[in-house]
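The structure under discussion appears below in the form of structure tokens.
Chain nomenclature is as follows: A, B and C, assigned in order of appearance, with residue numbering initiated at 1 for each chain independently.
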Amino acid sequence: MTVRVGDAAQAPPFQRAALPLLEDSQLRKNVRHATGVIQRKRALVAGELSDWQQLRAAASAIKQQTLRHLDEYLLRFEAACVAAGGQVHWARDADEANAIVLALIRSQNASEVVKIKTMTSDETGLNRALEAGGVHPYETDLAELIVQMGEDRPSHIVVPALHKNRSQVREIFREKMGLPGLGDRPEDLTAAARSYLREKFLRVPVAVCGANFLLADTGGVCIVESEGNGRMCLTLPKTLIAIAGIEKVIPSFRDLEVFLQLLPRSATGERMNPYNSIWTGVREGDGPHQFHVVLLDNGRSGILADAEARQTLHCIRCGACLNACPVYRQTGGHAYGSTYAGPIGAILTPQLQQMRHSQSLPYASSLCGACYEVCPVKINIPEVLIHLRGRVVEQSGLSAEAIGMKAMAAVFSSARRLEAAQRLAQRGQWPWVTDGWIRSLPGMFAGWTAVRDLRAIPRQSFRQWWRERQHGR
Amino acid sequence: MAAEAKQQILARIREANERAVRGKETPVPRDYVHSGGLDAASREELFIERLREYDASVTVCASAGLASTIGVLLQDRGWKHVIMAAGFPAAALPFGFEFRQEAEVENSDLDACDAVITGCEVAIAVTGSIVLRHGVGLGQGTRRFTLLPDRHLCVVRAEQLVETVPEAFALLEPFTNDPLTTISGPSATADIEMTRIRGVHGPRFLEVVLVR
Amino acid sequence: MRITLFITCYNDTLFPETGKAVVRLLERLGHSVDFPLQQTCCGQMHYNTGYQQEALPLLRHFVEVFRDAEVICAPSSSCVAMMRDHYLKMAEASGDKALERDTALLLPRVHELTELLVDRLGLEDVGAYYPHRVTYHASCHSLRSLCLGDKPLRLLRQVRGLELVELSNIDRCCGFGGTFAVKNPDVSAAMLSEKLKDVEDTAAEVCTAVDNSCLMHILGGLHRQRAGVSARHIAEILASTLEEPAL
């Protein structure tokens, strides 16, 4: 079994990937603008609900309960979905999921599919697998279409093209849709996408979607969207294939009353997103003739085995933590090198890959806690980040950093040693000190002094002052 | 191989839970707001306000005046090719207009018509949402029926309007076999610079008639 | 009241003036102050960087040193947050029942300075005088772990002569984040430059906070830019009086 999360295994470490992005002032401006807008809207509509904290607590408890009995809920979902005319497939990893989807498409003799935005399919690298198998996927979410046509990568869970502004989008559409006269007003660009895609919706026989929620009691699936591209894909093609992580199941239809209050307000700052579709299996005379659900593990059961970190699987992919994150705000999503960017990506990506890749991501956070504060399902992301740092340290053995940290711990374990170290540092700092300030340091501290000065260590520590004062009394 | 994948995933889940489940199972706290406290008039007012914030149009009328209200709307908007959902009560439709039936139209007719008319199952004031239940002959249409046209006229009766999301889900629970669509304003996107644009793929115009 | 200081390792080493100010302030308010010389570090740097095993002996040491203290005061929200957010979990994980019990008994007695003043001592006006234009940076731990809310601001508003200017984006991290600033220096610098702009926009003479860790980072940036704004811990402002003004 090989778990894969997009191209995360090949991605450079966060601190290196961030460098060119920090230089890209247009991208940073776009990211700041977009995250700022959603953040303000979110705060407004979350604040409107007097029971926001109770909803968060309920959502978190529902997810905990689900994970506790995940095997049962998945089996219940499968049985109910099959009873309603759907078919359920199980995929251990990305390749297995892609192979199932490709085989289903081939069984319909189709060479094209329309797709609703699904991060899970980006995780498995489905588009590449389909193209290699001779099937052309059309992304139909506006942002995903921009990303696909621009041969780009998504940079946000909810708004994957937020790093592009209108003129950049116009350039992509002009070239790829063959519309040299296209204007750059968002209205023009949206209209171009509408007419480009409408013909595809009416013609292409197979659709691929994700799932926001799988309902164990009814076998139903819920998809949350804004543009109507989702409804098109769910309704018009003859065959519909949903690919969903195993953690997407919730116990019951009624639980949606909690999640459908939290998700839109957290994700886009709307009281409700324009469309939610909830359906069960297939329905004569309305919608697809064949409906398949591919349940994907791809490392999720491994996350479940970690008591501290399994709350990662509560995530409902609202993206609120990305918008709130001061680190994401600077770099945008590409620095994370994964389908899943931002704080949730920083904990999800390395865990899915069994901590074998993306080890720099748990460190891509100042632990400010803004993510936890906005998370609608109360994932304590800072706590998980720290826990994962512990796992990274365990793996790295006796690195130079570890030796330094162990030495520091030995110093801190006794006041006598601490005082000796204070004196040593105070006396040893002179080569770098001018006028009471340190302006440049070597080695791992060079980054600090690249933009900041450091006040020199004062001659007298507090404890020395205190001792003198006590003697003087 | 398929059965093997399923068994392996389930086995991994069980093993993980044996290892990592901590503490006793506690019931889900459900102390969030279930039913709202507004009276009927304020509830309707809130619903109208929320719909208008989504750029939906709202007209209010008395039950006896529904047909004439729809008539005036169609006339004002200049809608001639209008299709009604199967099961939508003919008594609610004005004279002097020609309505095609859902059963007799193709996708291309829906694409080209001026508007479609449906009722709804339930509506939610706090979120400005209408919920369609796509059962046979319920007057709410199949799923594509309210999707392909550019304009959707939806009749909401005051007794179908609840205040909160949980109230709506309590009413919908018996009907989970039918596909359900919640609609909150016209289709929209903010994917380009967070500028809200109406009508990407679904209807660009949502016209609600609230019947008191 | 007898108040035992946990001054924290970096205040001890790098910002002794903050510790001195805490002593002066609390004594002026009529309390007796003690500083156990055996104290060292709360273990935050180790814990947050992933060296949780190395942090455990520091927890033990802390519990040992402060076991008998009635009221413990630390002029650092991030160190107090370290204890409140992680100490119990660490003690539990150690399997040492005695340590778990001692930690649980000790934690409610640990207070961050402004918490101690406002909640425990019921004070907002501490009789301070500080005739400067000041802006307040809310550190992330003070805001989200300790939930100090406007307690520091309430104290500052009562300081004679002090003109308080609101900092825009007060809830946004300054980019310090402990070892984050060393491991991701470029992103940290980008975050800092936004914070510096907000600070400079206030036209304040002094930027204050309840944490010297953020201030070390902010002051370092201000000094490099020769911005003419200084940074100092809230304890120094609250300790300042007409007779003995802080510089």
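The rule we apply is simple: contacts are C-beta pairs under 8 Å (C-beta built on N, C-alpha and C of every residue); 3 or more make two chains touch, one makes a residue touch a chain.
Since the structure is predicted, the reported quantities are computational estimates derived from the model, not experimental observations.
Engineer: What is the identifier of the chain with the smallest separation between its Cα mean and the overall Cα mean?
Structural biologist: Central by C-alpha mean position: chain A.
Engineer: Identify the chain pair joined by the greatest number of C-beta pairs in contact.
Structural biologist: Per-pair contact counts point to A-B as the maximum.
Engineer: Based only on mean CA positions, could you tell me how far chain B sits from chain C in angstrom?
Structural biologist: Chain centroid spacing, chain B to chain C, equals 52 Å.
Engineer: Provide the C-alpha centroid distance between chain A and chain B, rounded to the nearest whole angstrom.
Structural biologist: Here chain A and chain B have centroids separated by 29 Å.
Engineer: Counting only Cα atoms for the centres, state how far chain A is from chain C in Å.
Structural biologist: Centre-to-centre distance between chain A and chain C: 32 Å.
Engineer: Could you list which residues of chain A touch at least two other chains?
Structural biologist: Where chain A is concerned, no single residue meets two or more other chains.
Engineer: Would you mind writing out the residues of chain A in touch with chain B in their complex?
Structural biologist: Listed in rising order, the residues are 30, 33-34, 37-38, 49-51, 54-55, 57-58, 61-62, 65, 67-71, 74-75, 84, 89-92, 96, 140-143, 146, 159, 161-162, 164-166, 169, 186-187, 189-190, 193-194, 197-198, 201-202, 215, 218, 220, 226-229, 231-232, 234-236, 246, 253-254, 256-258, 260-261, 268, 270-280, 283, 285-287, 295, 297, 301-302, 304-307, 310.
Engineer: Given the complex with chain A, which residues does chain B contribute to the contact?
Structural biologist: 2, 5-6, 8-10, 12-17, 19-22, 25-33, 50, 54, 107, 111, 124, 126-129, 134, 136, 142-144, 147, 165-166, 168-170, 172-173, 176-195, 197, 199-203
Engineer: Can you list the chain C residues touching chain A in their complex?
Structural biologist: 7, 9, 11-14, 16-17, 19-20, 23, 35, 37-41, 43, 45-52, 54-55, 57-58, 61, 85-86, 140-141, 143-145, 171-173, 175-193, 216-217, 219-221, 223-224
Engineer: Can you tell me which positions in chain A touch chain C when the two form their complex?
Structural biologist: Residues 14-15, 18-19, 22, 326-327, 330-331, 362-370, 372-373, 383, 386, 388-393, 402, 405-406, 408-409, 412-415, 418, 422, 425, 437, 439, 444-448, 450-455, 457-458, 460-463, 465-467.
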